[in-house]
Structure formats: structure tokens, C-alpha cells
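Two complexes are shown next, each including chain A; its partner changes from chain B in the first to chain C in the second.
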Partner chain A sequence: MGAAVHGFAQGTALVPASPEPAQPAAAASAGHGIPQSAQSLGGEGGFVTNSMVVTWVVALGLIVFAQSATRNMKRIPAGAQNFWEWLVESLHDFLEGIIGPELVKKTFWLFATIFIFILATNWFGLIPGVGTIGWGEQGAHGFEVTRPLLRGGNADLNMTSAMSMVFMVFWFIWAIQANGVGGFLGHLFGAKGESTGVLRVLMVIIFFLVGFLEIFSISFRPISLSFRLFGNIYAGENMLDAMSNLVPSLSWLLPVPFYFMELLVGVVQALVFTLLTAVFTMLICMHDEGDGKAHAQH
Partner chain B sequence: MNQFIQFASIGSDLAGTAKDTAQRFGWDAPHFIAQVISFLIVAALLYKFAYKPILTVLDERRHQIAEGLANAEKIKAELAKTEAARLEVLNQANTQANKLIEEARVAAAKVREQETQKAIAAAEQIIAKAHEAAAADQARMLTDLKREVGRLVVQTAAAVTGKILTPEDQKRLAEETTRQLAA
Partner chain C sequence: MFMPMLAELSGNLHVGLAALGGALGVGLIGMKASEAVGRNPGASTKILVQSILAIAFAEAIVFYALFLVK
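Up next is the complex of A and B:
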């Protein structure tokens, strides 16, 4: 978030004279720092939250940018087309190296969207003004924005869990497509490795029990994915906010190093989310023999 | 069995904790669904406007490059073939030219020899004719001289003897002189 311009926002921001509308309970419970949840812009009962606005702005920006870049494709790319070609090709090659050429064909759209959207949303949240322009009230240290107009898209658990769940749905579809229902269950509960006799029976029992652990682990994947991203971005925003308010006279300087770190965190988190989802997909779609070929090839 | 129940219970507790935590951080189903829809729309539109056209173009470009490289190889091979053919033709032309030059040289030598022989023959003929002419001139001059000497002898004899020689004497004297000169 653009916490560094907190002081700037106090003087010039879109701050209505009306008193602050009622806040969600979660926001009120946050105390100092950034509210724990996205806030409704229409007051209590309003549906559209400040994080949703950022999500839509970023989405619209990406779509318009992509559309304008590819509207008139040229054989020799230049400008925006060149940038998008570089981005898409780099991502495609990167993912192809991880999950293989066949699997990437059907899954690229999701992983690429995950990476691009998370990265754009994370970086958009660092633009000065995000989180610091909005509604508020006069406090002891001047005007305090308590309900910002914009909030980082991934600082909303609804957004991160939405991406996780979309991934899990497609993960399941691709897993069934690659393995079939029997193969999928066999992948979870089937005994791995080659053994005979009593050892084989033992392995079957062990792997059957391990299958439940696997289901347990898989069930928590969307939770870990969504909380990891949300936690990192939300913590980053809080840190920037804290740095901005730590020494008021240095509020323009202290957050600057952390901005660079947040730029890096934005990339890393987008990469982590994308890589984990890609690897989860690869693991379920690969042959047990480890011959490097996905079921999806068949 | 008890372990399974315990296991399920732990899972249920963890899920409950996760749900409570999620709700504390503002998770709710309507907003979650709205964000799912937003994300799917973004994915669909990015697929339509970015991934599909770009991957198609990249694929076409890859094919074009592969085709271009294959064509370049083909052209290179054809060029090498053409170069070999050109060298072959050049070698043949060189051989033929050398042969022609040799033939021309031989012919020229032959012509030169013939012309030399002709010139020698002509020169010899001219020399022979000159010799003949010189011999004829010499003979004529000798005849004239003998005649003149004969006349001088007759004239001198007439002057010395005071007697005019008859034509028979003159003739006899002249013949005698001529005979003696010839001897």
C-alpha cells in the first residue's frame, strides 16, 4: 500500500467532509494499522469493498493493456506487443520446464493468469495513494484515514482464497482427466514402489493410510495458499504503515527501503503461488514411474 | 478405527480453526464468489486477448524460423551444387581453351614454317634469276667488249699499216682477235 504518502493524503486526498460511515466489525477490531479485512465502500451493508475496486482496476488495466497490445499483431513486434510476447513466452518456457510441454498446453492460461494478476495486484498496492486516500476522521495527530478508497487486492482473503479455490477445482479436473477416477484414487491410496509377499501387503496398508494423510494435505492446500499470499501482502502493508507512522517527521524516508522489499515480495509471492500450483498439478498428473511424461499426453 | 475418528476430529478442528481465522480476516461467501467470478473473467479475457493470440504468433514464428532455417540449408546445398557445377563448367572451358590455344599454336607454327619455306624458295628463285641476269649481262658485255676490241684492233692495224683493210681482212682480223681474246 502507499503508506508513505499518508501525510500527503491528509492534506490533499479525496476526503469527504461527512463523518465516517459505519465500519465492519473486523476493521474496528484492528486497532492501529491496517484493518484486517477489506472494507465496504458503501457503508454497512454495501457489497463493493475497497479491495474489490483494486481487483477490478487491475483486471481492467491488464485486459485493456493486453487487448491494445494484441489488437494489431505484427510479425516484427514492438512496444506493448513486444512486452506481452516477452512476458507470455518467458512464463510459458518457465512453466514448460517445470510441468512439461503437454501439461503446460492445457494449464498455461491459469498459471499465467495467477502470476500476472498477483504480481500486478501486489505492485498496484504499492502505488502511493492506495490505502491512504479515503474516508476518515480528525484524530489527535490530524486527519486519519480509517476507510481507504483502495486496498491491496491480495490483502483481501476473499481474493486469495478465490484464486486458491479456482486452482483446486481445475486441479481436480485435470487430475481426473489425467488419471481417471480409479487412477486418481490409486494415486492417493495405491502402494508405490515394487515389493512382493508380506512386504507388499504391508506397503498396501501403509499407503492406504498415507492416502488419508494425502487427502488431508490436499484439503489444506487452498488454505495454505490463500493465507500465505494474504499474510505476506497484509503484513507488508502493515509494515509500510508502521514505518510511515514511526517517526512522523521521517515518514517520507523510512518506508522507502521497505518499498523496495515489498516490490521484491510482490514478485516472490506471485512466483511462489504460481510455482506451488504448477507443482501440485504436475505431481498429480505425472506417472508414478517418473518417466517424466504426464498422463495428459494420452 | 478410533485412530480414524481421532484423525477426522483433528481435521475437523483444524478446518474449524481455519474457518474462524478466515472469517476474522473478512472472508465471506458472497465476496469470495464475487472474487472467483472476477478472477475467472480476468483469466478468460487474458486468454482471449493475450495468451491465445501471442502463443499462436509465437508458434507461427517458430515454424517460420524453422522453415527459414530449413530453406537456408536447402539454398546452401543448392548453392554448393551450383558452385560445383560452375567450377566443372569452368574447368571444362579451361581445358577446351587450352586445347584450342595448343591447336592454334600448332597451326601457327605450321603456317609459319610453310611461309618461311615459301619465302626461302622465293628468295632462292630471285637470287637465281639475279644470277642469270648478271651472267647474261656479263656475257652481253663480254660480247660487246670483244666486238669493240676487234674494231679497235682493226682500226689500229689499219692505222699502223696504212693500208685500208678490205672487208674480208677486217672480218678475218676481227675473228682472229675475238678468238684470241676468247682464248
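Up next is the complex of A and C:
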């Protein structure tokens, strides 16, 4: 997996590998920006990368914080317990309004975890020192860090694709649980809408062919989910890096507005990932209209 | 004058064009979704779901261009 993703990133050059030498010296000092793949700690070929370290730190921090906040549960919450209850409750209400009360009971744990974890990872990557502390060498313009100790967790394609693949597995499980194998295939290939006679035959053929398009577009979902998150966070890190190297005398001021924008991007991307996964699950778990009405009457 | 310029073009032009179209599509969806929420704030959740889905489909074009066209 890691090798394949790495190979892709090398192959199609989303970002120019090396700037043209014609650029001014100030921009050239920015060098190549941030490398596309996470670097391993402890030399070449090491297993543990700097993105993995950030992932573990964030996950451990969230677990410890949540456990310590809910150790002594109070009737009237205050402080940390109040914060977690507010976060989980507002997430629950928000998702309930979108995917419905029945599905949210079953799937809330995954979507809430995804949201909180992505948000925490994105914001952790903005703490000064992440990406700037590490090993490096003495360059023409002073010391340059080439192998940072920490790197934003979602600025690594392996992390985002792992998350979207875990989601796709649960998407499939939930789809089968909701509708059964026949219902799942019916969802993909079955004809929708009311029609009779010749039109009906035509509709069945068309919807059968549309089913293949559906499968094609579903199989691209994990790719677009992971690339959307990776692209936004990686580009943000690269932009902050470029802004702090653009004009050396103003490097204390130039990145500041972009830090605020990255705070916003962190929330928006966490929300988009959560919403998209939730809506995809809702779409495949939806029962037919007639079933839903019959269900409500019982 | 123009034709030699076109002939000089190289690189992943298809990805650039797909990104241009995808960005325009996302912008149009966002514009119309905001208008719709402005007209009917009560339906904002339904509009949000529809627009998020449509944006996902518009963005997927860029990934098709990235992976399928060589």
C-alpha cells in the first residue's frame, strides 16, 4: 500500500518537483517545499514515519483527554466533561438531522470518531514546531530542516486512504445489513420510478446499464475521499512553508492570515469527510418509499 | 503566432482542464445552494446534503482525469 501510493505521488507530479532556476533567490531558498510523502524516522527504509508519530500522539491525546474528562461523571457537567458532552451531542443532533434517527444509532460511533480525529489531527499540524523541528543540514541561507520530527497526520496519503478504506468496508457491511444482498444489488441495478408497458422494459434496461456507472462511481469514492483530505492539508502545509520563506524579513507576519485560513480548512475538511461518508451510507441504506411508509404504520 | 504557442504546451493539460471545470462546477453549486438557503432557510439541511453530494460528483471528474487519462 505504502509503496503504491508513494509510486503514484512520484509518477504524476502533482507539484513541480524542482522550481526553475530563473526564480528569484528569495523564492529559491524555499527549496522544494515539503516532500510529498512522509519521511521515515531513523534513516532510510525505517518503518515509522513522522506522520505516524503525529497520528499516535493525537490519538493518545484524545483517548487520555476523553477518559480523564469522563472519569467522574457528574449529573450537572462542568469543565472537560461539559465540553465532550457538548461536542458529542451537537455532532449527534447534526448527523441525526441528515441521515435519520435509525441509522445514526448504528453509525454514529464511526462518523463522530472520524470527525473528532480529523479535526484534532488537522489542528495539531498547525502547532508551531510541527514540521520545523527535526534533522537537517546547513544550507546557503542558514540551517534548513530536511527531515522533520513531526508532520501533519493527514498530510500523508497513507493515513487518509486508510481512513476511507475502513469506511468503505463498513459502508458495505451496513448496506448488506440494511437491505440484504438482493436489496443491495437492486439498489444498484433496479429500475426506479413508476412506469408500465414498453416504457417499463426500456427503463429496466437503462437502469441496468446505469448500475455499472454507479459501481464505477462508487469505486472512485475512497480515492476522491482520501485525495480531497490529503490535498487540502498537504497544500496548506506547503503554503505556510512557502509564506514563511517568501520574504525573509516578513516571515513573522506573512503566514499569520494563512494560519487562520488553515484553521478554517481543518474544520471544513473534517466536516466534508464526515458528511460525505454519512451521506454515502444513507444513500445505500435507504429503504424504498413504500417500505418506509409501511414501517412507520406498524 | 498562436499555433506555435499551442504546440509548446505540454504536461498534464487534461488534469488542469478537469480541475478548471470541477472548480467552476463546485462554485456554481455553492452559489445556488447559498441562494436556496437564503430563500428557504428551513430547508438548509436538505440543501446541504444535495449540494455536498453534487460537489462530490463534480470533484470526482478531476480524479477521473488524474487516474484514467494518460
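Rule of thumb we're sticking to: the second predicted complex is superposed on the first by the 257 of 298 C-alpha atoms of A that agree within 3 Å, B and C clash if a C-alpha of one lies under 4 Å from a C-alpha of the other, contacts with A are read in each partner's own complex, and residues count from 1 in each chain.
Heads up, the rule we're going with is that contacts are C-beta pairs under 8 Å (C-beta built on N, C-alpha and C of every residue); 3 or more make two chains touch, one makes a residue touch a chain.
Predicted, not measured: the structure shown is a model, and the values here were computed from it.
By the touch criterion stated above, A:Ala112 is placed in contact with chain B alone, chain C being left untouched. A simple residue count on chain A separates chain B from chain C, and the partner touching more is B.
By the touch criterion stated above, A:Leu250 is placed in contact with neither chain B nor chain C. By the touch criterion defined above, A:Val279 lies against chain C but remains apart from chain B after alignment on the C-alpha atoms of chain A.
In the superposition on chain A, contact is made by A:Asp156 with chain B only, not with chain C.
Contacts of A:Ile223 after superposition on the shared chain: both chain B and chain C are touched.
In the superposed model, A:Gly97 makes contact with chain C only, not with chain B. Contacts of A:Thr49 after superposition: chain B is touched, whereas chain C is not reached. Within chain A, the residues touching chain B in one complex and chain C in the other are 220, 223, 227.
Residue ranges on chain A touching chain C, taken from their complex, read 12-13, 97-98, 217, 220-221, 223-224, 227-228, 272, 275-276, 279, 283. By the touch criterion stated above, chain C contacts chain A in their complex at residues 12, 45, 48-49, 52-53, 56-57, 59-60, 63-64, 66-67.
Taken in their complex, chain B has these residues touching chain A: 4, 7, 11, 14-15, 18, 21-22, 24-28, 30-36, 38-43, 45-47, 49-51, 53-55, 57-58, 61. Interface of chain A with chain B (complex): residues 24, 26, 29, 36-38, 47, 49, 52, 55-56, 59, 62-63, 66-67, 69-70, 73, 75, 84-85, 88-89, 92, 108-110, 112-113, 116-117, 156-159, 161-163, 165-166, 212, 216, 219-220, 223, 227, 230, 234.
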